[in-house]
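Listed after this line are the structures, all set down as structure tokens.
Both of the next two complexes hold subunit A, though its partner changes from subunit B to subunit C.
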Partner chain A sequence: MKNRLEALRKARGIKQEELAEALEVSRQTIGSLENGRYNPSILLAFKLARYFGTTIEDIFIYEEDGI
Partner chain B sequence: MKNRAILVSLAIAGALLAGAALWAARVFPAAPAAVLGAFGLAGGLLLLCALAELLSTRDLDPARRERDREDRDERGTMIRDKARARAGDVLLWLLLFGAGYLYFFDVPKRVNLTLLGLASVKLLLDWVFAAWYRRKF
Partner chain C sequence: MNRTQKKRLFQILLAAGIVLLALALLLEGLVSDALGGMLCGVGSGLMAMSGSTLLNLRHEAKHPEMARQHDIEQRDERNVAIRNRAKAVSGEALQWSIMAAAWLSIGLDAPLWVPITATCVFVAKSVLELYLIVRYQREM
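After this line comes the complex of A and B, so read on.
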């Protein structure tokens, strides 16, 4: 799933390690989230949205097939 | 994250179990040595494992902490679950293929039946766990 996670993180000057530590996940998970290889659970998505002070829809881009 | 209270309780329980086994061996010399030995060994192992976990410096090493987190966070758990499921499927096909392959060779029938039996147990466990998770979720 496409997302704006990397852009949001870099705009705030946060490293992947710092974000991972704050969300209690590994740096590899943050990396996989950013390049779209891994989709987060709803719980992690909420944690991300709360961390950045935004909504899940602002971070993750839901695109239906064929559209 | 360690729960120190639980670990200390386990260490004490292990020490008491091992101590009780030693005491019983002296007070009741006619008691089965194997049983007392098993209790003593279990208590000793419990004590050692609890102490090892209590004294572990794992949490102090950032690299180790990161590796543990990588294994246990949601992505790590998903990876492990998928790998285990895939390994189980591969083993199942190996058992079935092995049973079929050996059928044409001069091996005792019990070998084929054992392989088929193991494959059947695997399939049964798949069905049981799937049913359990369907009810749970």
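After this line comes the complex of A and C, so read on.
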């Protein structure tokens, strides 16, 4: 699943470590999320959305296969 | 379990390990070699495990920021998912290795109890897996 996490983070001028610290996850998790290698749980998705003051749909882009 | 409870538990386990090891030394010659070896093995294992955990806890108490980071790493959902997947795959590999060992033991003319035990372990793991699938399906 694609996402705009890296763009949002960079727009705020924060490091992966700082975001990880704020969300109480590891820095590697933030890196994997940004690379699209890992899809977060709904709880982490909500935490991210609240942190950036936006909605989950604004961060994560869901694309069904073949559409 | 908080850190104090964890520390208390491992102090008790360390003491139990020391007692078992002391018993193994004191009872040498009075009990069978098998029992002595068992006391020695379990005692040493408990001492090593508890000792290392207590040292870790002490280190974390001195460096709270490191302890916090360690907690985050432990609870991190991606790490948890990775650990669970690794456990599942290794469990599956072990299960089929046991079945392979059972077949190998038949080929090597091993005593009958060897393939029977291996098959029982295989079946027990499969039954447990099925039970857990049904249980989790009800829970989720």
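In this text, the second predicted complex is superposed on the first by the 67 of 67 C-alpha atoms of A that agree within 3 Å, B and C clash if a C-alpha of one lies under 4 Å from a C-alpha of the other, contacts with A are read in each partner's own complex, and residues count from 1 in each chain.
Simple rule for what comes next: contacts are C-beta pairs under 8 Å (C-beta built on N, C-alpha and C of every residue); 3 or more make two chains touch, one makes a residue touch a chain.
Keep in mind that this is a model prediction, so the values were computed, not measured.
K.L.:
If you stack the two complexes on chain A, which partner ends up touching A:41: first (subunit B), second (subunit C), both, or neither?
P.N.:
Touch status of A:41: both partners.
K.L.:
Considering only touches as defined above, state whether A:56 meets subunit B (first), subunit C (second), both or neither.
P.N.:
In the superposition, A:56 contacts neither subunit B nor subunit C.
K.L.:
With both complexes superposed on chain A, which partner does A:1 reach: first (subunit B), second (subunit C), both or neither?
P.N.:
neither
K.L.:
Which holds for A:14: it touches subunit B only (first), subunit C only (second), both, or neither?
P.N.:
Neither partner.
K.L.:
Show me the subunit A residues, by the header's touch rule, that subunit B contacts in one structure and subunit C contacts in the other.
P.N.:
Shared contact residues on subunit A (touching subunit B in one complex, subunit C in the other): 20, 24-26, 28-29, 32, 38, 40-41, 43-44.
K.L.:
Under the touch definition given earlier, write down the residues of subunit B that touch subunit A in their complex.
P.N.:
Result: residues 66, 69-70, 73-76 of subunit B touch subunit A.
K.L.:
In the complex formed with subunit B, which residues of subunit A make contact?
P.N.:
The contact residues of subunit A facing subunit B are 20, 24-29, 32, 38, 40-41, 43-44.
K.L.:
Which positions of subunit C touch subunit A when the two form their complex?
P.N.:
Where subunit C meets subunit A, its residues are 72-73, 75-79.
K.L.:
Can you check the complex and tell me which residues of subunit A touch subunit C?
P.N.:
20, 24-26, 28-29, 32, 38, 40-41, 43-44
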